[in-house]
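Written out below as structure tokens is the structure these notes cover.
Each chain gets a letter, A, B, C, D and E, in the order it is written, and its residues are counted from 1.
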Amino acid sequence: MFLGKVVGTLVSTQKEASLDGLKFLVVRRLTAENEEESGYVVAADAVGAGLDEVVMVATGSSARQTKFTDKRPCDAVVMAIVDSWEVSGEEKYRK
Amino acid sequence: MFLGKVVGTLVSTQKEASLDGLKFLVVRRLTAENEEESGYVVAADAVGAGLDEVVMVATGSSARQTKFTDKRPCDAVVMAIVDSWEVSGEEKYRK
Amino acid sequence: MFLGKVVGTLVSTQKEASLDGLKFLVVRRLTAENEEESGYVVAADAVGAGLDEVVMVATGSSARQTKFTDKRPCDAVVMAIVDSWEVSGEEKYRK
Amino acid sequence: MFLGKVVGTLVSTQKEASLDGLKFLVVRRLTAENEEESGYVVAADAVGAGLDEVVMVATGSSARQTKFTDKRPCDAVVMAIVDSWEVSGEEKYRK
Amino acid sequence: MFLGKVVGTLVSTQKEASLDGLKFLVVRRLTAENEEESGYVVAADAVGAGLDEVVMVATGSSARQTKFTDKRPCDAVVMAIVDSWEVSGEEKYRK
């Protein structure tokens, strides 16, 4: 999984039918030091994440292992909201 | 998923039999700020996307989770046409 | 999928038994503008592609969705020979 | 698989239900010469790895092939603690 | 698949139980011109490859399609020893 920050939302009405009801989030990648990178992903939301929240994203077939994304053409999912993490004994983020 | 712009089409007559009837689109990658990148993918079309349309692309095994791509050797699918998205409260694209 | 040019062949006699009979091609990646890149992949051939032919390659589990590659340890397959493609209304390649 | 060093831990209370009980580790990538890279991954722990330990990480659907991660939205797992490795006859790491 | 050279071995005693008996190889990536790159992967051995041997590596779920790796948390496998390959009519490697 990688760490990301929810920076936006996306609206799509014309889409594969099985995707109805899914909420799509624009998630910016974060370094392990909690700095925003230019990379991003659009991920389905499985945990009710809000704007500016720091989250974990799972990709690939693992992104389909939630009730929201099962058997859907979805390759990225926000599967956890992060409370905190530390690196080398130093706290890099706390909610 | 990543955001992309449909910039072209591709024709192939000699191909794996199960791919008959699929429409292949050349999709240029977009940044979260809606700028075209040099990267691209050729994706099967599952939503009737047209030229210059901004779309979402799912890759990997998730690309096979549509009736058009099920059990086919296809690793990228246009599974949604984008209406709009915003980043940091700013609209980056509207159809 | 990505676009590639078949630039070579590969011979292997000591290999996983299920791979017997598969033909392995060295495929150079092409940009959407039809320029050769340094990146390459070794892909199984599912369509009888020849040297110098421009092809599409599918990777990952999707590469196993052909009768030649089903249930085999193969992560890339040439699944189509390209007739032509265009980008922004300009033809980039014609066979 | 790639080699990594466990540099931190991550706490998440609001997450996909199936992830309850999983321990999440922040793993820094190592080169084959045992130098830390900037790249990282957050991986589930399947072997009881501790801080500063050198480990192997499997990603993608392979990350779900443990009893801890089976059918869970988890795309990276620490599946081995490394005792030692060598490159070109030179030992690069010993526990 | 990509081409690689077996440059080392790795020992791990504390690992996911299903991995017992697997041999782990450190494989350096090769360009299509047979030059070593800095990139590497740790792969399970399915063909009895030795040090300095040139091999093909399959990754992702395809790495699990051998009797050695089936249902194991393993995302890379050496599935062939290379005899020779050529690019643009020029032999780049012969065993």
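Just so it is clear, a contact is a pair of C-beta atoms (placed from the backbone, for glycine too) under 8 Å apart; a residue touches a chain by one contact, two chains touch by 3 or more.
What you are looking at is a predicted structure, and each value in this text was computed from that prediction instead of being measured.
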By label order, what chains touch chain B and chain C together?
-> none
Hey, what angle do you get rotating chain A onto chain D on C-alpha, to the nearest 5 degrees?
-> 70
Quick one: compare the interface residues of chain D with those of chain E and tell me same or different, with half as the dividing line.
-> different
Rounded to the nearest whole Å, what is the centre-to-centre distance of chain A and chain E, using the mean of the C-alpha atoms as each centre?
-> 32
Chain D to chain E, mean C-alpha position gap in Å, rounds to 20
Which positions in chain E touch two or more other chains at once?
-> 60-61, 63-64
Cyclic chain order when read starting with chain A and heading to chain B | A, B, C, E, D
Residue positions on chain B within touch of chain C in the complex are 7-16, 18-19, 24, 26, 28, 38, 40-43, 60-61, 63-64, 71-76
Across the complex, what residues on chain D touch chain E?
-> 1-3, 31-32, 46-48, 56, 58-66, 69, 77, 79-88, 92
